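Given below, in the form of structure tokens, are the structures.
After this come two complexes, each holding subunit A, first together with subunit B and then together with subunit C.
Entry: the complex of A and B
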């Protein structure tokens, strides 16, 4: 290194800090954008079906039918409405007033008393397939509970040969917000990390101040380092703000240690900033840099990270593609650290992958920057 | 007068389509997104890795295990010999579900007592957990009913006969792909329209436009109609891809669909023009478009149902044109809805379009004078 390097670096760092401090847009991207996005997503995105409007059609009222339909009134999952005929219920479903129909035909009680296996019609609106599956699951649970109570009341042996004991680890209430919010943090920090560096450096190119920097004696490594350090700190600040919102506003449990969270976030932030540096190496105006940042980081992080769509369910080719999305590894770590604790068998391989990606992106950004200087 | 507006429309289309970069933005990302969303955005589960700990190896338990192995939903990766690996397998996410067959399984089955089985699910992804549990329950219930029938036990008084209307195999692709029609139409239309006025203002040609005999309303028309044309074209391409590439059934007519599309694009164009009139530079316009787009996609019911949102957020979505158009595309594609059934979706969009266009016209005139 040339003598005077530390002093030059310190000068550059000071310049970057001043630039951030005087121009509110970097601070806005680092703090306001993540907070605003987290609030919109946190309130807007939920997969829990509660209070599903469901049509109950009892063609011949009786004690047995009433005991079954009564279970719907007490379930937090359903908001039952009664219809007199199946035709009216069908019309209500076509008009989207109800999501499902429970239909007890007129011979329901007779067949139940005669030989059993009396059919209960369950018609679910399948347009939203995910919702429909959840509703089916709730109806099945309700039915199994009703069968058991019926048998107990009559002193009969239990109606089903199996006693299933379900146990949902880490999220016993099966609250979708607890798993979506940690994933959201990864998606949002991908966007801010890449946008921060990509936009800010593209702006230097646009204004011609990058060339001005290059004619001085500072090396390209010093320029990159001086860019990296302040934005790394800003990004970590945004990360801390997001975690606070998750824990204190949305009440997501944080079961792992804060140190693991910080370490993983630091690795991820390096990868995201590296990606941003790389983008800014290609695109030298803010419009293109912004577009590329959104398309190459935000959308993959949203769709391919496993944050809402399960990676196991994707076709093999797409599954392969998810391996180059940094957010994928961070989502896995976050979901474990928040809900399960410090599970090293999840954290170590994913942290390693993040470290590799950070090195590759930063190295590529460095290589491209050198070429441009020649 | 009409000839002049037409000339402006042609000029506007040329400005967008001749520049290689903006042509790219119009063609590349939407196609990539269509493919990625169409294939990756699925809630359907298949090959869920599971492990089974069978403490009572017997004919009955082998039958049950075979049902899990034969299901396309599950992929058995380990038969456990003891319970101590269960935690490690779940914690490390190697398996999402562990089925534990109790030691008393066969004995209880034969003595007509409920035979205990334990289903342990990884709840880190709560949606997958619920669906996995649902699939496992279906298999277990089927097994129980079949066993009772085979061994002459009395059947339960009533059984469920579950059917899904409109989407019998419950494929989430049928739900997501029509949604992409709405999503990408909004993105493309908004970008084209929002950047149009801002671009002219940035390059200084806006002043030239103002000294022509065109009235502000003509300029507004000339700026708005290209977005309408491009949005309509893009939507048609995606609708074709949905039908012929992704095999989503189109059960309704094209007329109710395109009526909805027209109203939707008009509403989005109004929003785009309002953003464009407010912005001084393309970057501000882009930021404005982004600020409108992200919440409008999240709060539209595209991926997660509006009914699950808190009430105040649900009220907020009433202002979102995409919310109505999503109901229309899904209604026409899957439920075969006609125009009459969709009137409750049409008029709010028309109202939003009217309001946003009026606002745009007002902002526009204010900026002009």
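Entry: the complex of A and C
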């Protein structure tokens, strides 16, 4: 330890604060980037099928058929269009103007009035398998609901097969946004954290200031610490802003405690910033640093964190790979804290994993950093 | 100069060798360099780009570790204890190491913190440094908004905030205006004479060697020579002459360069400066008169380089004596040209014109507005006000047509580094829409004229700087333009490559090609027929080099150099 360390560290920290204040790029990465990504993905990415255009083919219009098609028109899931023949509806589906065809046969009214099973035909476009399954489910639900109401109106018991009432826990509205937004925060903050440290250090290399710093008495530990502290605070600020967007704009519930959220975020931020410091050990210009950060943090976090693609559905080798993605643990914690509450059996092991990753990344960054140019 | 005891050298280099890996290739940056720098003196590290100056500076500062050899700074082995060495030396890297979004005082504070200057000492130290650098009135200005010369001085002040025992300055004067350059040298003299500091100063400007106490001459990683600069010039005694004759100076230079016994002939003023192979005037035709002149440092360097690569025997001058004599029309006309970027005026009411076959120079420091003027002339940037005609085309309306007549060689030789020499030539030929026999003929011409045939397969990035420059010029001339724009064409290349380059340019001018060149090399102005001196976007002086120099003549300066003239012009404008 060379004497004067506190003064050197204070000087570096003050310099970093002034730069953050005067050069908007760090503030943009911490606040604008997460907000923009959260808005784009939050509004753009949804796993729910809403306003699905469907073709309704009624071969013999009547009161009952009108009542049934009315149920479609009132559903938030469907945007019905009327077709008179099945051939026209099929042409529309081939052109992807509609995603499904609901076909009421000519004897629909007679069989429905008789109280028997009155079959309807449902044809679903299976190109997007996930959507197809959702549409199928919605149609069945709507059909069952309509049958029940019809039966009640005639004073008969509802059809037996429909007595099962599905119950959904933790996300009662089954709104995929509530489930996606916490995961998105984890994915976005992975990128923000890595970019913050990787870019600012690369910028010092580009401008030649790093070279000047290195020939002073400053130690490599002081340089790294002076980067870690301010950008940790900045990153936590960005995190707080993202949580506020999630809660107040997207209306995602926050059922766990703010302290658990803060603690887990801090661990995660250390891991992400450590990753950025590690990148800065290799990348000496901002372009390369940015590219590496996106490829090594954002993409794996997006694909392998389990925020949308279920980790359990992955092949064993890929599943193994997900363990080195810090976002994976954070996604688990965030989904729990937002949707379920402080579930310690989820939070503790994942927080421990985050702590290990933070120590590993920061330790590696320290180990490869040299006060030399070669 | 007071007599000083010579203590142990402040810096000792023993057989220092360093190489880099570039892909699979090893590039030797320094090869067996053994030298010393005496304490309390200015040692100059002189050499063109790629000589190994920056690598040596970084090795001394402990930023790189040599593959073999030993470096001792103030008695301490750098490899063994870099932190101890770094605590005792100051290092200013090429771009001064300043934080541009911090103010002058904030930069000083940071470096004071890092160098362990206690707050109670700061006020006095800052006052001294600000006085020395003249930055006192600008303490709250952002470093990014300082001029090049002021940045250089702030960089120096930050390095000196705790006085180091050894001060390393890596090319501090490159691209900086001559006034600031002169002021920097006054500061360095003060530091060594009054404070006893040891200074290692690297530069590609050979004229700065004469200001050093001791010189290490580096070329391609090897030490070509070392000693007091006087030794280099003394060895050249009786070998430097000024030749005059009743013929044009370019014609005279071409004849002299081909004459036996002459190793160097460059245009200077109205005559030609000649260096001979032996300390006696060579036999000369009667129409040429030789007058002995004092040797310069550059003469010694050129002589050493010529020993390794003798002047290739060239056919006698191909220049017809009458060519260029006919008065020709104006090819480039610039009137009241102005370019603003927001509130910043980069080019301010510039007016000049260039005749056919003329070499016209724009001389000025970095930031003077030369490159902005150039971009407007090439039709790459629209002017805010004023008119521009190139080859008869108004650039506002017919930029593309004018561009077909222009050859442009950009700063830093914009070549495709990953392509080979042959691929670069073919690409530029296609870019200029050459095809078929003409294309083949022009590529063959380029390979023959610039001696590039044997390098056809070499990757452009790996070429020595002088060859990159040749290739860039070959590409710019591919479509036989009648106007040639050269932006800082010889920056950093060694003196032989520079001479070679100017020989070609003067030949082109003699054949009627109009040449417009920007440079911050004062000496290069001598090659121009006419030039303008620019500072802060404005033209401060215009005319023939001799006339501009003559205007600066005074009893104190009977024979001013172009740099003296530049400083006089700037002084008058301020």
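The rule is short, and it goes like this: the second predicted complex is superposed on the first by the 309 of 374 C-alpha atoms of A that agree within 3 Å, B and C clash if a C-alpha of one lies under 4 Å from a C-alpha of the other, contacts with A are read in each partner's own complex, and residues count from 1 in each chain.
By definition in this document, a residue touches a chain if its C-beta (ideal position, glycine included) is under 8 Å from a C-beta of that chain, and two chains touch if they have at least 3 such contacts.
Please read these numbers as outputs of a predicted model, since none were measured by experiment.
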Subunit B versus subunit C as contact partner of A:216, first or second or both or neither: second
Which of subunit B and subunit C A:15 touches, first, second, both or neither: second
Which superposed partner A:23 touches (first subunit B, second subunit C, both, neither): second
Partner chain(s) touched by A:260 [first = subunit B, second = subunit C, both, neither]: neither
Subunit B or subunit C, by number of subunit A residues touched: B
Touching partner for A:64 - first (subunit B), second (subunit C), both, neither: first
First, second, both or neither for A:207, with subunit B first and subunit C second: second
Set of subunit A residues, in rising order, touched by both subunit B and subunit C: none
Interfacial residue positions of subunit A with respect to subunit B in the complex: 37, 40-41, 43-52, 64, 68, 93-96, 108, 112-113, 115-134, 136-137, 139-141, 143-144, 147, 150, 157-172, 174-176, 178-179, 286-288, 290-291, 294-295, 299-300, 303-304, 306, 308-310, 312-315, 318, 332, 335-336, 339-340, 343, 345-346
Subunit A contact footprint on subunit C (complex, rising order): 58, 61-65, 82-83, 86-87, 89-102, 106, 109-116, 158
Interfacial residue positions of subunit B with respect to subunit A in the complex: 21, 25, 29, 32-33, 36-37, 39-49, 88, 90-93, 96, 109, 112-131, 133-134, 137-138, 140-141, 143-145, 147-148, 153-168, 170-172, 174-175, 282-283, 286, 290, 294-295, 298-299, 303-305, 307-310, 313, 327, 330, 334-335, 341
Of subunit A, residues touching subunit C in the complex: 2-4, 7-8, 10-12, 14-15, 18-19, 22-23, 207-209, 211-219, 371-374
